[in-house]
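Both complexes shown next keep chain A, but they swap its partner, so chain B is in the first and chain C is in the second.
Up next is the complex of A and B:
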């Protein structure tokens, strides 16, 4: 075994440029696969962390009819705050939010929005709700940057907001934009206007009512209620997870193509080696090697490309991957309209498992493509091979 | 003391008489504007910011609960049909060969891009059933003398809490209407004109709708032919008629 490895190493190095070209292409596959997988892991972590900080906290209670993907449910998705929730709200461990549909008229244009009522004093979410406590004469409102861009609203702008109360009667008033916040979570930004909860409850004739509650800590706060169902973080991020999974499958196609290119080069090299080194194969057999041992030798030689590629990849890949983890990858397109949490700059996260699994996959694939053409050796006539006769 | 009592009684009586007048006017308007059934062809001109669009249609309606509209032009909307049946609304699109029910927030969307929303078409209760009215003045619109009525909702489930109506007291038809939000903000304005005597009743054949919160010149609705109390086959007001 040791001799086989030594021989394989010598032969590889002896092949010179051909070996190094294969190694460089394979090392490129290594680095790119680790980087791309790292980006997905980083996005997953970042998006979940952003969703927890901006929208879902440590879980939410939804009104039993509330479905964020079905606007039809909003009309009925509200109920009086259950007595069991009052203590949590008072302690600041539960945050009631009331949601309704409305229309704003920026510069005479009509734009449908979701009006969300939230407690200005809350500190569960990162929303700058303290800015909802600034204008006593007019209803203060905060919006996200995407909403500000689509509606062309700025801080200090007044805009007409129209809504229907619990009885279906139209009402309208001016609101003042007191803050524009930047977030990676479009579900708290796109087409949404945040106003103080109490104001909204009185506007809609829904005193002391809410659509959902965000909780600070699901381990300490989990009261039961008939009208509201508990949605744990795992459920709330399930859509994001399945979307990232879909992206991961899509990316795998890219890995396969990249790996195939590198493996094709190794396969060709192996075929060429066996064709050109028949005398050498014959000599090994004459020296007492069994044909299986010669196949083994050539397989190790091919598979050793992957080891060299891992070393070469580490030389330039480690600095590159560390640099990327620090500076991140700025997405080339606007991401706010995607509809799911995604930052403008994604920071890849690499785990030991990720690196080892990638290396194992690449090495196994390289070993297989090295073994495949080497099987021909077992069928060779040793004397013919020794004479260098083509077989 | 005697004088105060007399003047209070006079004021009370005057108010009662005046509000009685307003209710009567509203009743007459309701009577004049509604019929057993009607068939009309209309042209809707939607004035946008850059250009205007004209849509023609034919409508059959029975009372205030049933109505069926078929769009005749432009080519892109031709064949689209709309059926309103006792509080429910369906639209048939020939390009998709699908019938969809308009409900929830879709009712708030505009009809064919106009200043009218589907829910504006859905509120079919009589004015006297949902508003209490009082006369607040007398004005002139063109050469017609009109009484200005202020309508305040007397039921809770009404879309517009307050309305102002300028009513031609000779013909008992509204010539102008303003719809207000609960806060007092003006939301929509309607101007009715081209009043014609059709089958013995006065009827405005042109209506201009304007969403006052939105830019633009509003939507002009012209009835090119109106026939009252016709024989309308029953199948017209069925979902099956949408696909025919």
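Up next is the complex of A and C:
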């Protein structure tokens, strides 16, 4: 084996430009695959972290009829705050949120919104709710940048908000935009207006009621309630995870194509080698190799492309990947339109497992495409191979 | 003649040719002793290369028995045959068959790598072999940088480096001019004399024939004449 590795290395280096072309293409695959996977891992982490800090905290209690994907459920998705939750709310470990449908009329246009009532003094989420405490004579409201863009609202603007109360009666009032916040989480931004919870409760004639509760720490706060079910972080990010998984499948097609191109070059080199190096194959046999050993020699030689590619890839790949991890990858388009949590700049995250698994996959694939054509050597007639006769 | 290292009895070799078969060797009976400098002589198609390949365990007899250094070639497994070639046989080919991307040193070193000699042993043995053929100044050259004569001398060094019992040379001078041919042959005669290595040639080159001490003439797969020259 040691001899075969030594010979394979000599042959590979001796082949010069052909080897380096294959190695460079393969190393490019290594770096791009690790980078792309790193971007996905980074996005996954960033999206979860943003969702936790902007929307879901360390889990939520949902009213049993609440379904964020079905706005018809909002009419019934509220109930009095359970006594078991009061202590948590008081010491700031639980954050009640009341949600209802509404309509705003910016510049005379009509736009459906979700009205969300939240405690201005909360500090569980990153939402700048303290800005809801600034205008006592008019209902203060905060909105996200996407909402501001679509409704053309600016800080200080007044806009009419219409809603339906618990009795089914429509009512309307003016609200004032006191802050426009920037977030990567569209589910707290798009078509949403945040107002103080108590104001909303009185507007909707739902005193002391809430739709959901966001909790600070699921390990310390887990009271039971008949009307509310606990939704752990894992469940709340499940949709995001499945979407990233779908993206990762789509992305893997890209790097499978890239890898296939590199492997095709190696396969082609191997096939060519076996035809062009018949005399050499015969010589190996004459000098004391069995044909099976020659098959392994050629397989090692092909597979060694992957090792050289890893070395070459490391030379330019490590600085590139480190630089990317530091500066991130700025997405070329406005990400808030995507409808899911994604930052304008994604920071790839590379784990040892990611690098090792990528290397193993590439090396295994290279070994297989190197072995496949080499099997032909075992069927060759060595005396004809020695004369370089095509077989 | 000393100890017999090759014994050939009733050797026949046939190759399939479509539905029929072509017989290259008919009932060959021969024996070669240690230290011989002998050759199979005959025109193209006379069976000399086939005979050399069978002796070199690169091919097997169709019928008959070929004993090389005590090994029955027809009964050897691929592994045993490879071992025989690796340990005891040296090959010299008409077109040198050097590994083009390896240096002269690496080419000559190759058989020693297979025999798992240590680095220092390999270095000494390679330098000795290159000294025999007068190429110690070309260790770092690669075959494409050498002349035909130099390439064949590298091939001889490679065949001789492990001090095999038997060297098989198939038309070793076919690609060389007269001066280089004589130079190569004189080298081989010297190695045969100094190291007692048996040399077997397949040739129809008069220059080679002139150096042989035993000439086995083949014609249409049969022995036409077996001539042993007295010293």
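By definition in this document, the second predicted complex is superposed on the first by the 391 of 391 C-alpha atoms of A that agree within 3 Å, B and C clash if a C-alpha of one lies under 4 Å from a C-alpha of the other, contacts with A are read in each partner's own complex, and residues count from 1 in each chain.
By our rule, contacts are C-beta pairs under 8 Å (C-beta built on N, C-alpha and C of every residue); 3 or more make two chains touch, one makes a residue touch a chain.
The structure presented is a predicted model; accordingly, all values stated were derived computationally and were not measured.
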#### Entry: Side-by-side fit of chain B and chain C on chain A, or clash
fit
### Task
Would you check which partner chain A:286 touches, where first means chain B only, second means chain C only, and both and neither mean what they say?
second
### Message
For A:156, using the defined touch cut-off, is the partner it touches chain B, chain C, both, or neither? Pick first, second, both or neither.
### Response
neither
### Task
Could you tell me if A:250 is touching chain B, chain C, both of them or neither one (first, second, both, neither)?
neither
### Query
Where does A:168 make contact in the superposed view: on chain B (first), on chain C (second), on both, or on neither?
first
### Query
Between chain B (first) and chain C (second), which, if any, makes contact with A:83: first, second, both or neither?
neither
#### Entry: Degrees between the directions from chain A toward chain B and toward chain C, using C-alpha centres, nearest 10
150
### Message
Touch test for A:75: chain B only (first), chain C only (second), both, or neither?
### Response
first
### Message
Quick one: is A:110 in contact with chain B, with chain C, with both, or with neither? Answer first, second, both or neither.
### Response
first
### Message
Rounded to whole Å, what minimum CA distance do you find between chain B and chain C in the overlaid structures?
### Response
71
## Note on the structure
chain A contact set shared between chain B and chain C covers none
### Task
Could you please specify the touching residues of chain B with respect to chain A in the complex?
103-105, 108, 153, 156-161, 179, 181-183, 185, 187, 211, 213-216
### Task
Would you tell me which residues of chain A are touching chain B in their complex?
71-72, 74-75, 101, 103, 105, 107-110, 112, 160, 162, 164-165, 167-173
### Query
Residues of chain A touching chain C in their complex?
3, 6-7, 10-11, 13-16, 279-280, 282-283, 285-293, 382-383, 386, 388
## Note on the structure
In their shared complex, chain A is touched by residues of chain C numbered 49, 53, 56, 58-59, 78-79, 81-83, 85-87, 91, 93, 95, 97, 99-102, 106, 110-111, 113-116, 142, 158
